[in-house]
Every structure is written in structure tokens, then in C-alpha cells.
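In what follows, structures are represented as C-alpha cells.
Two complexes come next, and they have one chain in common, chain A, joined by chain B in the first and chain C in the second.
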Partner chain A sequence: MAKFETPFLDQLETGPWPSFVSDLKQEAESRAKNERNIEYQIPQDCCDDLLGVVELSYKHGRTHWKHGGIVGVFGYGGGVIGRYCDQPEMFPGVAAFHTMRVNQPSGKFYTTKFLEDLCELWERRGSGLTNMHGATGDIIFLGTTTEQLEEVFWELGHNLNQDIGGSGSNLRTPSCCIGQARCEYACFDTQDICHDLTNEYQDELHRPAFPYKFKFKFDGCPNCCVASIARSDLSFIGTWRDDIRIDQKAVKAYIGGEFPPNAGAHAGRDWGPFDIQKEVIDLCPTKCMRYEDGKLEVNTPECTRCMHCINVMPRALRVGNDKGASLLVGAKAPILDGAQMATLLVPFIKIESPYTEIKETVIEPIWDWWMEEGKNRERLGELIKREGFQKVLEVTGFKADPRMIKEPRSNPYVFWKEDEVPGGFKRDINEFRKFHQR
Partner chain B sequence: MDQAEATEKIVAALKKKAKTKSKFYFNDLAKILDEKPRAAKKFINAMVIDEVLEYWSSGSTSMYGLKGAGKQSAGEGED
Partner chain C sequence: MAFISSGYNPKKPMENRLTDLGPRHFAEFYPPVVAKNKGKWLYHEILEPGILVHVAESGDKCYTIRVGGCRFMSVTHIREINEIANKYCDGHLRFTTRNNIEFMTDKEENVKPMKEDLLSRKFAGGSNKFPIGGTGAGITNIVHTQGWIHCHTPATDASGTVKATLDVLYDQFTDMKLPAKLRVSMACCLNMCGAVHCSDIAILGYHRKPPMIDHEYIDKMCEIPLAIAACPTAAIKPTKIEIGGKELKTVSIKDEKCMYCGNCYTMCPSMPLADTEGDGIVLMAGGKISNRRDAPKFSKVVVAFIPNEQPRWPTMTATIKRMVDAYSKDANKYERLGQWAERIGWERFFEKCELEFTHHLIDDFRDPAYYTWRQTTNFKF
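Right after this comes the complex of A and B.
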């Protein structure tokens, strides 16, 4: 029997998608029955109270959560987000209901035992409610009391060998795609660099000294499965420098219908026979491909690695052999004042352990600049807009490159300095007048 | 500058502003110390460990304050 009537929330469950309300009710019921005799360390009915407070928020049209605070684990300035209910008498089970972010394993590989252990810990010391995974990529533990924070942290560290993640003005938990573990498109070992930088930059992850959040994300190929280009301050996107590898026999097999295009995706209806001209060649954004006399050709200098042809015919086309990554800077995806895509900083760099070049020529100079010049709550992308992309080139030492602009004159924040231009900005007016009238 | 001197500077500056402000951005503290961010971070972290300062976080932004200072209810005249 539910503790509170929840007519508004019940309505949410009637939609066509799975509802978080059903999940909350399921967990509330499970905690009430406690069939596994768990020694709950926070109120057993916290999920009932959570349903109650959310219902009340719908009724009042205003939130009953107070957000933020001084809670955390000792020595860490991130990973815990304080949450309090402003109706603690009515809903004592969620009077303090803090969120914990737990650093997810690279590529989100889990063993069943590890998942069970995580759930067991959180059933016992938290609400049992999780978000796998949050937008940052972390394992999100939703709802526990202040007293349980250190306990959860201790058990995570000592029993599960797991750290908590980033929040606040910190390096956020780095996140990567599944990478070379499962994906033939991956041009570098996303999991290894994600793990390496997570360990290397522990201080930046846990002790806030940045103007605002900073995110690394690692995509093994331009398909960008973790959307690094759209939402990370420093985005790593796998690419290659040589030609796309073409298996002409397999191309013919696609055309002949032996292999399903898109590896069988979109097979829910009959789209007719595969048409390489219509479905691949004509859709190439730079028109760098042609299929003539039974042979597929790609003009590599024109190819922008959009991945479309490779995605459609993965058995015939493969990424090149000379692999590395492009590094882009300054993306953000805020809720309020508009998203910004990343800008290319390093067209190509080899991604090889121990990643010293990346750390010393890209990450650390950028951080030093942003920490000194960034205003409070200013993301890297905003600083780049304010001070100019030239400044990024200056602090990192990379040279301006045509690939950094989308098209001539579309990046008005790339400027030259006088000493970089042959002859400087001054001219001999008499010499000029020999060729041009007033 | 040694740690004791840094702590003294920060505590004095924060106490001076205590009536109007109880939470400070990291950059504000670095300015008080007149140090580059990386050098300031070492001093400020030590102050957190010594429980002179404490972190405050909204979830997206972090700030620092003197331990125990600044309750919102007091700021709005409810105490």
C-alpha cells in the first residue's frame, strides 16, 4: 500500500515510454517487503517519501528541493551533490537525499558481480535508486543521508576498488566510447587514455581550482558515439591520415545483395535493392567518391572522414592504417545559454601511451591559461571566444592551419599579429601608389 | 610565502568580508594570496585539510568559505 496518493505521477506512467515513476514505485515496494533482509542504513520508506515530494512539486508547480551545500567526503571537493528537501517533516525519508557520482569503468565494461556489488552497497547505504549512466558518464547513486557519504566512499574504495567521480569546478569524470575492445572503427585505444588521464589528473578531479567544469571525452572514430565534439572542453576524435582501405570484391557483394547495407540496420522494411550511387556516392558530403567500371575510388585529400560510406559498407571499407586522433577544444552543451560545438586545434596527433605530448603540449598549457584568464563560471569555449582562437595557438604552440576554419572568413576570431606577417602592417605608400591611384 | 602566512592572509580577508559574503570562488582566493592558480591551490588545499576552509558546491560550481560560515537563513534575516 503506497504511503502517498500520487495522481499526477500516475498520469506520467500512462505515456508510451518506460517511466521513472514505475521504477520508483518498484523500489519503494521492494524496500517495504525487504525480502533479502537488508539492514537499511537510511529510512526504509525513502522512496515512498520521494514519490510524495515529487507529487507535491507537481501539485504546487514549484520544486521542494534545496540544491547544493557543503556535503562531501573528506579532502574531496567533488563527487557529491548536496540535496535537501524543504518539507522535511512531511517527507523525513528524503530530508537529506544527496547524489553521489561514481567514476564509471572505461568503456562501461562491467562484470555481473561488480554490478551486483554496486547495487548491494547502494540498497544498504542509499536509496537503491541509480542512474546508469548520467550525462557525464558516471554511475549516479541517487539519494543518501549525510552520515552515509563517508561510509559509501570507504566501501567503494576499499571493497570495490572504485573512486567517486567529478562534479563542481573540477575535471569531470573522463568518459570514452567502447573503443578497440569491441569496435573495428576505433582509431586509438580510447579506454587506455581515458583511464590514464583519470589517474594522472586525480588532483584536478577531486580538488576544485578551475573557473568551472572541464570535460575530456574520447571518441575512437568520427562516428562520435560519446558526442565529444558537442559537449567536451577537450574532445579526442579518432581519425586516420592515409586512404580508406577498400575491398573491391566486398563492394561488389554489397551491390549484388550478398551483404546487407548498414550491417543489417534499418531492415525493418523493404527499401529495395542496394543502390551504391544513391545511398553512398551521392551522399558523400565532399563528393570525393566515384564508382566506375566496377571499381570504387576515394579521393583521400578531399575526404573529411564523415564515416557514412564506412558505416553503410563496413565489410568493404575500413578506416586507414595510419591512425591517430584530431583534438578539438571548447564545446559545451548547457541547458540555458546555448550549445557550442568544438573547434579543431590539433588536426592529427598519434595517441600513444604514456601520452606525454598530449599532456605537455595540449592539456596543461590550456589549463594554465584558462585557470589564469578564465572568469568565474566561464567555460573554455567562452574564453576562446572572448580572447580569440589565436590565444589558444599561442599558449599551445600549434601553428594556424587551414583545417581549423570551416571556410575562409567564417572564423572572425583568427587574427594575425604584425610580427607574423612578412613586411608587417606598415606599407610604403609611394610604392603602393605606383600601382594604385587614389 | 609559507602556509601559516597564507592561512593568515585568507582568514583575515574572508573575515573582513564576512558580513556581505561567505562563499568565494577559487580565483578570489588566489587573488588574495597574489599567487598563480597552481601555487595558490597548494595553500588552499592545505587549508581545507586543516579545516580552516570548507568546500561548497552547487553541483556545477565549487566555492570556498570559512568553516561554518554563512547560513542562508541568517543572510535573509530569519535567525
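Right after this comes the complex of A and C.
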């Protein structure tokens, strides 16, 4: 028997899409029955109380959660988000209902054994409710009491060899696309560098020392499946420098209709027979392709590697062999000064373990500058706007390159540095007056 | 409910403490076919909506069934996912960036029974547990934030708006009839922990009233300077007021400068801002993150406000459906929603989507606003 009536939420149980309400109800029921004889370490009816509090929000049109103040695990400044209900008497089971961010494995592959271990722990010491996964990438453990935080952390570490993730003004849990594990487009091993940097920078991840959050994200190709270009302070996007590899026989097979265009992505509608001129050549943004005498040619120096032709004909076209990544800096969501897309800083760099060049010439100089100059709650992208892109070049040592801009400046207001102007800024007015009367 | 210690001793927190372990190594979790063929995949094909095959140079094949999941998920549900992965996938699975679940197997003969099994499973309320789809020229899962389930600043619910929207767009999840892929994302306040700002369609919770101030409690409950510093637009000032003959330290808010972000509320519980009438939904459209054909784009605000109509937000879902239908009907093959809007012109976009254009949609926030106004006589009647 349900603890609370939930007439609003019940209306979200119908319809074809999976209902989170039904799932929450089944968890409430499972806890009430407790067929596994679990010694629940937080209130057994917490899921009932969550149903109650969410129902109340549906009635009021307002949230009933308060921000949690300072809770966490000893020695870490992140990974736990405090959360308290503003109606604790009505819903004692969720009076304190904190979130723990558990650092996901790169690429989000799992064995059922490991997932079961996580479930067993979280059912016993928490609500049994999760997010698979949070927006940044972590496994989210949703809802436990303050006294269980250290216990969960202890068991994660000692029994599962597993750490929690980042929150607050620190390195946020890095995340990556599926990469070379199961994608033919990936130009570098996104999972390996994601894992490597996560471990290299554990201190930055757990102990807030930054002006604000900092995100790394790794996309294996310019399709950008993890949106690194839109939401990471340092975005890695796979690319290549040599020719797109072309299998002319497979090109003909697309033209002949043997292979479906775009790997079958458009199979649901009759778009007519595949037309390589209309669908590939004419849509190429740089017009660097042509199909003549039964042969497809790409003028490589003119190609900007946008992926359109490769996406349309994955069996005929493959990314080149000289692979690496472009590095872009400063993306962020709109708050405060409007959204920023990441800006190209390094057109091409090889992504090879142990990634020393990236750490020493990109990441650490940028962090040093941002920690020195960044204001409280100023994202890297905002600092770059405030101090100018030239400053990034100065701290990293990369040379200015037209690839970094859309167009040159349309105002001539260059702030010259003194050492760029012969003779410097100091001049003798009396010497000047010898030739120019007052 | 007896307390059972994990082994942690609160009196000696450093004893046997393990820290900085990081995540588990990804390679432990690879299915054998992935471990063997990593970096050597030749091509992939979508066999039918939601079912992919990846073919490696070795000739090995990896079949994947992609199913939509609620990102909010109970351990009971995860165990059911495990049961399926144990039955058909030798105990391996993965999650996608967009909260889908992917069941992978190298055995072609497992695909059909797994598909039938997945589709047969329903929640008690009747909804599908494992809808298959989310591939190709269609809609995939809507990424979202916490909403009323677990956040202190939401202006709407996240799971509910997403459920309501995906019920309406369910066909587009399970078929591939759109001109290109269409990514819908949801964030329940303007802080956008869901980073929805580059989505084909973004659902955004939005407050429209500045916070209230609990004058009698603020000085006791908050570090007033922190609340002031948290304001991104410097709308909060320290002040003193008199209540019941007592002078109290508090703050004042310049209403016209407030952008309703709730950052002050994060620092100071005496400044709540949620409001039944004030809060609701903003719809944005035309963003993308891919570099395909042209640069990534931000989503643009196309509907300034829709009231919260929980539990199913019918005005919001109908408006979204109208945009998707207009796009589906009018756009060219491979054309993303934003590319379509730019080709036909935004004046035409509002007409075709039957959206009212109001003054709220003209940017007036700081310098970049100017660059969004029209400085040419080239427009369409």
C-alpha cells in the first residue's frame, strides 16, 4: 500500500516512454517488501517519501529541496552535494538526502558484476535511486543521510576500488565519447586519455583550488558526440592531417544502391535513390570533392574535415591515418555572460600516452594563469574574453595562427607591447622640441 | 535499522583511508569483441531503428541494441538491465552520453530474441521499460537535469517534462523519418547543468521573479557577503531595515537587474525564488554541437515563456511537436533544424512553426546582442 496518494505523478505512468514514476514506485515497493533482508542504513520508506515530496511539488509548482550547505567526505572538497527537504516533518525519510557523484569508467562500459556491486551498496546505504548518468558523466547516487557519506565512500574505495567524482570549484569528472572502443571515426583513444588525466589530476578533482569549475571532454571526431566544443573548458576533438581514405569500389556500391547512405540513418523515409552529387559533393562546405569518370576525389588541402561525406558513406570513406586532435578552450553554458563555444587553440597535436606535451604545454600553463588571474566564479572562457585571446598564446607559448580566428579584427586598436615598437615608449620631449615648436 | 560500520572510524578518519583512487579502468569492462577490435573498426550500419552492427577489420561483428532509459533509475531497474545483459550479452553493457542503454553482443542469433524480450517488458503503469530506437535521422533520448526530484533551484520538473515530451515524440524515437538527427535537451533552470544551449530543441526551466528575502532570518542563516558576491549581475546590496523596532542586517535586490538564476539562494537559504506563476518553460531551437557541414551553433530562444502545466505540460509538448512537424515536412535531407531555419530565414521559421514572435526574443543582453539584429535589407516578406 502506497504511503502517499500521488494523483499528479500517476498521470506520468501512462504513455509509451519509460515512466520514472513507475520505476520509483517499484523501488518503494521493493524496499517495503525487503525480500533480500537488507539492513537498510537509511529510512526504508525514503522512496515513498520521495514520491510524496515530488507529488507536493507537482501540486505547488515549486521545488521542496533546499541546498545542502557543507557536507562531504573528509579531505575532499567535492563529489558530494548536500540536499535537505523543506518539509522534513512530512517526509522524514528524505529529510537529508544527499547526492554522491561516483566517477564513471571512461566510455561507460560496465560488467553486470560491477553494476550489481554498486546496486548492492547503494540499496543498503542509500536510497537505491541513481542517475545513469549525470550530465557531466558521473554515476549519481541520489539520496543518503549525512552519516552514511563516509560509509559509502569507505566501501566504494575498500571493496570496489572506486572513487567519487568532482563538484564545486575544481576539476569536474572528465568524460569522453565511445571512441575507438566501438567507433570507426575516432581519431585517438578518448578513453585512455580521459582515464589518464582523471588520475593524473586527482588532487585538482577532489580539492577545490580553482576559481570555478573546469571541464575536460574528449570527442574522438568532429561529430562531437559528448559536446566537448560546447561545454568544456578544454575540449579535445579528434582530427587528421592526411587524405581521407577512399574505397572506390564501395563508393560505387553506394551509388548503385547496395549500401544505404549514412549507415542507414535515413531508412525510415523514402528519399529516392542516392545521388552522390546532390547528397555529398554539393553539400561539401569547401567544395573540395568531385566525382568524375567513376572516381571520387578529395582535394585534401581544401578539406576542413567536417565529417559529412564520411558520415554519408562510412563504408567508402575513412578518416586519414595521420591522426591526432584539435584542442579548443573556453566553452561554457550561458550563465553569466552568455554561452561560449570553445575557441581553437591548438590546430593539431598528437594524442599519445603519457600525454606529457599536453599536460606541460597546454593544461598546466593555462591552469597557472587562470588560478593567478581568474576571479571567483570566472570560467576560463570568461577570463579569456576579459584578458584577450593573446594572453592564452602568451601563457602557453603557441604562435598566433589564422586557424584560431574566423576573421581578423575589424578595428585597428592594437595594444602594442613596448618591446614590439623599435626604441620603446620612452622618448625625450626636449629632443622632439628641437624640431617641433610649441 | 541498526547502524553497521563499513570499517570507517570517525575518531580516526585517516586510518586506512583510501583516497585519490580515481575511476575503475575502462578496459576491465569491455566486452571481448570490443577489447579485441578496439581501434580496428571498419564501418557500422543501422540495421533497423535502434539496432546497429559494427564491423571490424578482423571480420568480427558487434551487434548493439540501443534502448532509451530514464536517467533517473532505481537499482531494481538496473538489476533488470543486468539480467538482460547476462542473458544475451555475456554480462556486458554500456550507457551512452544521452542516457541510452546499449546491449552489445557478437552473436547475431541473440539479436532477435533480445529485441523481443526488451520490447515485452512493461512497467506496472503500462509504459515500456526498454524502447528500442534513438539512432539515425530521428530523436534520441532527451538529456536532462534533476528538477523537482532533487534540486533546489529548478523552475520546472525535469523528469516529468521529458517524459511528457518523449511520449509525444515517441514515434520519432523509434523510426528514422526526420531529415536529420534531432537532439532535444532539458535543463530545469538557467544555470543549465544540462548544457542544453546547443540543442536542436532545448527545454529550459525559467524563473521570472526575483528572490524573496527572509529579513528576520537572513543575518542568522547566511553569510550576507557570500550572497552578495554570488550575484552575477551585482543586483544585491547590503542594507538595514527595521522590523518590530529592531534594526536588522539584510540585503536589497534591484529587481530590474535580477536574472533569476538562484545563485544567491544557493549561498543563502533566506532568498528563495521559486514561484508557481513566475516559473515555467522557455523553448530554444536551432543549436547543434557537430561540426558537420557547418560550425556548431547555439540554440535560440523561440518561445519566451510557457507556464508550468504539470503533470503533462500540454502547451509545451504541442509547441515542440509543431516545430518538429514543420521541420520534418520542410527541411532537406541531412539538414539539421538550425540549418533549415537559417536557410529559410528565421522570419519564415516562426511562420512555418506557427510561433508568435514577441519582443522578448530580441536579444538585449550585453554586447553580443547587437550581432543578432539584422543589418541588411535582405529579408523575406
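Going forward, the second predicted complex is superposed on the first by the 396 of 438 C-alpha atoms of A that agree within 3 Å, B and C clash if a C-alpha of one lies under 4 Å from a C-alpha of the other, contacts with A are read in each partner's own complex, and residues count from 1 in each chain.
Please note the rule applied: a residue touches a chain if its C-beta (ideal position, glycine included) is under 8 Å from a C-beta of that chain, and two chains touch if they have at least 3 such contacts.
Note that the structure is predicted; figures quoted are calculated from it, not measured.
When the two complexes are overlaid on their common chain A, residue A:75 makes contact with chain B and with chain C alike. Counted by residues of chain A touched, the larger count belongs to C, out of chain B and chain C.
When the two structures are aligned on the shared chain, A:108 is found in touch with chain C, with no touch to chain B. In the superposed model, A:372 makes contact with chain B only, not with chain C. After overlaying the two complexes on the shared chain, residue contacts for A:167 are found with chain B alone; chain C is out of touch. Shared-chain residue A:339: touches chain C; no touch with chain B. Once chain A of one complex is fitted onto chain A of the other, the partner contacts of A:67 extend to both chain B and chain C.
In the superposed model, A:212 lies in contact with chain B only, and not with chain C.
Chain A residues 67, 75, 99, 376-377 lie at the interface with chain B in one structure and with chain C in the other. Chain A contributes residues 67-70, 72, 75, 77-78, 80-82, 99, 167-170, 207-213, 368, 371-372, 374-377 to its touches with chain B in the complex.
Contact residues on chain B toward chain A in their complex (touch as defined above): 25-28, 36-38, 40-41, 44-45, 48-49, 54-62, 65.
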